[in-house]
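Two complexes, one shared chain (chain A), two partners (chain B, chain C).
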Partner chain A sequence: MSTIAPQFRLSRFIGSLFDLIFWVILIFSLVGLPIVFIVLFYIKLPVINNQLMTPYLAMTWMADPSRTLPIVKNFMHTTIFKVMAFPGFGFAALLAAATIFVERKFLAKIQLRVGPLYCGKIEGILQLMGDGFKLMSKEIIIPAKADKPIFWLGPLLFVGAAGAFVSLIPVAPGWVVANPNVGLLAVFAVIGFFPIIAVLTAWAANSKWTFIGGLRALHQMVAFEIPLILSLLGVVILSGSLNLSQIVVSQEHFWWIAFLPIGAIVFFITILAELERVPFDLPEAESEIVAGWLTEFSGMMYGLIQLGTYLKLYAFAGLFVVLFLGGWNGPMVWPPFPQDIVTQGITIGPVTAKFPGLPLFDQEMLNGTLWFVIKTVGVILLILLPRGVFPRVRIDMILHTGWYKLIGLAFINIFIALGLLYAGVLGPGGFLQ
Partner chain B sequence: MVDAVFLALSVLTIGSAIAALEIRSLIYGSIALMLALSGVAGFFLLLDAPFVAMFQLSVYVGSIAVLILFTVMLVRRELIFNKVEDKRRRYAGIALMIVIMLGIGTIIIGSGLKTMETNSAEVDYKKIGEDFLTYYSPALIVMALILASSIIGAMTLARREDVIDGQRAD
Partner chain C sequence: MTTQLPPGMHLETVDDKIMTLNVGPQHPGSGHMRLIIKVDGDYIVSCDPDPGYVHRGEEKMAEYRNYIQNIPHLERPVIHDSSNILYPYCLGVEELLGIEVPERAKYIRVIAAELNRCIYILYWLAIYGIFLGHSTMFMWPAGDRELFIDLLEAMSGARVTHAYLVPGGVRNDLPSNFEERCLRQVEYFEKRLKEYEAVFYQNPLLRARTEGSGILSRTDAIRLGTTGSVLRASGVDFDVRKKEPYDVYENLDFQTIVLKEGDSYARSRVPYLEMFESCRIIKDALKKMPKSGSVRTKLKPNPKGGNDEVYRRIESGRGAIGYYIVSNNRPEPYRVKISVGSFRNLICMPYLLKGEKLGNMPAVYWGLNYWPVEADR
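Up next, the complex of A and B:
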């Protein structure tokens, strides 16, 4: 039973919805339609295909799938669609938002709690939406002695850098926003921006908690960037390319994790540290320094940082999949598109609708996306798992791990890759390729 | 299009370089320095050298600028800078810069750079690696030695044997 709104009655809620619809229709027909006709009276309508382009004709064209589907299909191959919707921001933000909710429920189940429960009746499924509305409606408080320009810019830059990282991850063959020849180096360049943003915003907030957190973030990220880069060199040596799409193509037969397990483990640990997740969450250690470098953020500024953090999580998980788990490669499980719909159309009673523009996506792309998403979600769950299991470690232990052990292991990984290459097992001309 | 981008990048780079020298606040100065270095990375992108551009970003913006931020934030300002200012020094600096730029400019213009082919294809990074391991291998060895010696030197300088670390577990 909900304790938030004890007076709630479903019948009244539905009744109020009908009320709302009634008033919208009434106001539209009494005010909206006359305004539309008055405006139409003064506008000179164009003539297209020897037909006067009346609003009714425009609407019939819009409702005709044989005319609109090619436009939609064309639009889906433009850069703006790729940036905003599919392999870019929309897709990643959707996965990131799902991650936030899944994380709460997942950790609750691990620790025998219930997690979000009330919002949305079924297992608190609307909790995330409620949190989003709360963050958007909250007041943004800026500390009086903060350095305002940097403080305002910090969250935006953080989301921007995370978005740049997301744009480099290939999801399906040909479906990637930016596909430079030096993709992996671009990833390293983007990763280098995060510690700067963290320490600048921490300094700008002018509070000791943020500053301590920011310095911890800087130490940690700088220490773990080197093993991160070194652990990926093995993959570059074996696949002979820096382009992320070509690295995926090179794993058609074998995933690199089978040959470079040490590199994969080192990379996974550095992911945890770069994302400031437990057991390396010292920059946000909430029991020691409030919320670390996020302490002074409120309202949507905090929301933006949170969005950026989870976009970054998705991007790192995607990078792990692309480099070690074979990216979009996988057996073809997606069913082929039923050709009857294209040739015969769909018959509903007396009406037959034909869709000559279908299918919108080809089978290969859908299958690739499916495998990529399955693997990425698995890696994301693995990244979330330590938070329910491990305690936080001390800063000197983190730095010791990063500078001594992981760098040593990364070099061992490079030597394994070189050995495989020179023994003629893998790489260009190898007998397994 | 390229001309407009080039002009914008030039204004950004030179403007933020001047700002990095002139701004009072050290933090803003280092941010301006980062902008100037990113502008240089943009020039490399315009010159069809994404390999160098990405290294410019990850090394100069990602590491050098972080080091400068570290220094600025952790060291008291009075220890690094004294506040004595001299107008004549500034003018001398500007004059020196103009002389150097004129000299380098005449050398570059006289070197036949104008007759260079500008529409050549993007240089593959694999070719760069090959060249480094074959024709330019002495340069690679010298660079490796310099880097190794500087790392050893840094470790020697940072080592302190009189401090006992009570925090260490081992």
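Up next, the complex of A and C:
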């Protein structure tokens, strides 16, 4: 199958490439560099390794890899890196993308299909990218009588709230974007945003299906938020802290799921409902209400909602790991960093590279991340599994479950936690701790 | 709170609490039809089915074609149950023209009809699964359907619209190794069917959702004129194959599935249990079938019916299908009237949906074993 145009000529193609490079260099040197210097004139330059980091110094370091590392290291300790890349958005989006791919293959295996197969050489691994490009290239259609500002704002708010949720999850000791002392309360506050966003967008789209779907989402999420909050109180009672990192540290010896299995089960069910996943996907029940509150979204607006949904999925799975499965705690399996590379440098052929300021990531952080990711992936797979085996439930069944059964179970869980605390088994001063 | 309309517009009292939903024709849960549903909160106060979007005048078309030319277009309403919708036509035309069908052809017709019934029910079950949000139950029957499609392809050469049954027998004989192949695939399929039970019918969420919803009592089922699986799910022992046996059904060993509950769960279960009986029929027919012989009585070119009329009916996947054929000494029929199960089951839908929750709508709707294209004809 040839994709080369019939009038294609290689010489002309190469010529056009040179043209492009010429114009890029010209515009960069005439416009880009002056702008960079004008900006640099006004901002305060950072000092790295006792040297003022001017642009010339930065370029010199780029030519010499061993001198680049301090920049990288310095960057990795900034908040921007934490927000954008590692414990924040980039890491979560990577896991979310992997989740979508794994979900499709996993579900296909349950249903005796093959799933994505052709896009990308290996098992359709690039299918997600293809879908993303398709969504980006599609037209965004807005209903004529929609409340346009709020309709536009909906997906952005959704991704924003999901990102805020992600930023609260500690991945490794010290590696968390935001670490407030009332971390769990902050989580509850962020979760409380999602039904509001659903109802706002549903109302703004001005359609009957989105309206019904939005009301369903509101009922469902509100009904399940209370058991969600109550089921986590047991953990707070035993660990004596609302700070998520402190909660992880308190599980150094025992995971709370061993003492509070009821709370873990209730929390898991509420996760399914909050994420609108099967069997609680009523707000998007396509045979009754088309696509629920997502009916009128098209193109990348829908893509953003999906991105937010999967970020939320990762964040909830991470929260489950942090609260019940011991977070980053686990046996030290990561090999220690060879110290002589730091002290003596490494010789590759004729070049001897020195790494001042290494190690970039310490052993504890890498080990913690490894265990956190393993546990989170396990929980995500558990969240995906019901989609293959359960039908959808009805709204009255879901409300009955939320308001009656789960709240009762959550209270039983709190009493178990209080009993363990006052019997002197666990908690501050307990004989197991 | 009711709003007063201006004088002259009192068609009905308008209630602010009532919302009208047009489910269809462009709705993932409707099919080629529209349901005008009025909801009060989550409860349906009235439902008005509006079929007719795929009406194509099959009955009128049949008046302009001769008895053989009618075959391909008459199976169009239900292309995935094409043998069964042709069956009563063939029986009627044979009676009109006075044709004897060879014994082997009768068995082959029964096998084709039962295979096609399984194809239809599997398709129906797949959509029932996805209507209830059970995606595995969509994929499994859709995949297992291939077994029977392959068998019918070997018999007739076509995968969907077979045009295999013709007045006078079947179009062509079976391929050489058909018996072993059919037996093997049917036995494999029976094993697969048992897995459906575990993953779908014994699923606690499915039972909680469908049991006790949309109950159709025995008297109502008879009074509203339902047929097929809907009738049998309400406890009425009626199956055309048993009560008015055609071809060789009286020689074959099978049971009529009757459930007493009359709710959505029973209506979803009757076709599933009927697939076991279909497999029994196929295996029995393969055993009792004459191993050789003619499969088709040759007709005269352009045969003419007498000045006569005939009504024949059979049991299809959706209930009884009846053909009323009138001829007036011409090669074309004077009038063909088709009575299909889908349309007769649709009649009870407003009764079932009134007072139900909106979430029960897909289960009740698809449990009626309704195929919109067949109902419109």
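Please note the rule applied: the second predicted complex is superposed on the first by the 371 of 433 C-alpha atoms of A that agree within 3 Å, B and C clash if a C-alpha of one lies under 4 Å from a C-alpha of the other, contacts with A are read in each partner's own complex, and residues count from 1 in each chain.
The rule we apply is simple: a residue touches a chain if its C-beta (ideal position, glycine included) is under 8 Å from a C-beta of that chain, and two chains touch if they have at least 3 such contacts.
Computed from a prediction, not measured in an experiment: that's the story for all the values here.
By the document's definition of touching, both partners, chain B and chain C, reach A:D396. Of the two partner chains, chain C is the only one that A:K208 touches; chain B does not reach it. In the superposition on chain A, A:Q111 makes contact with chain C only, not with chain B.
By the touch criterion defined above, A:L218 reaches chain B but does not reach chain C. In the superposed model, A:N181 makes contact with chain B only, not with chain C. In the superposition on chain A, no contact is made by A:V333 with either chain B or chain C. When both complexes are aligned on chain A by C-alpha atoms, chain A residues 394, 396-397 touch chain B in the first and chain C in the second. By the touch criterion given at the top, residues 147, 150, 180-182, 185-186, 188-189, 191-193, 195-196, 199-200, 203, 215, 218, 222, 225, 242, 394, 396-397 of chain A touch chain B in their complex.
In the complex of the two chains, the chain A residues touching chain C come out as 107, 110-113, 208, 212, 278-279, 281-282, 285-290, 387-397.
The part of chain C that touches chain A in the complex is made up of residues 19, 21, 27-29, 42, 129-140, 143, 199-200, 203, 205-206, 208-209, 357-362. The part of chain B that touches chain A in the complex is made up of residues 27, 31, 34, 50-51, 54-55, 57-58, 61-63, 65-66, 69-70, 73-74, 122, 124-125, 167-169.
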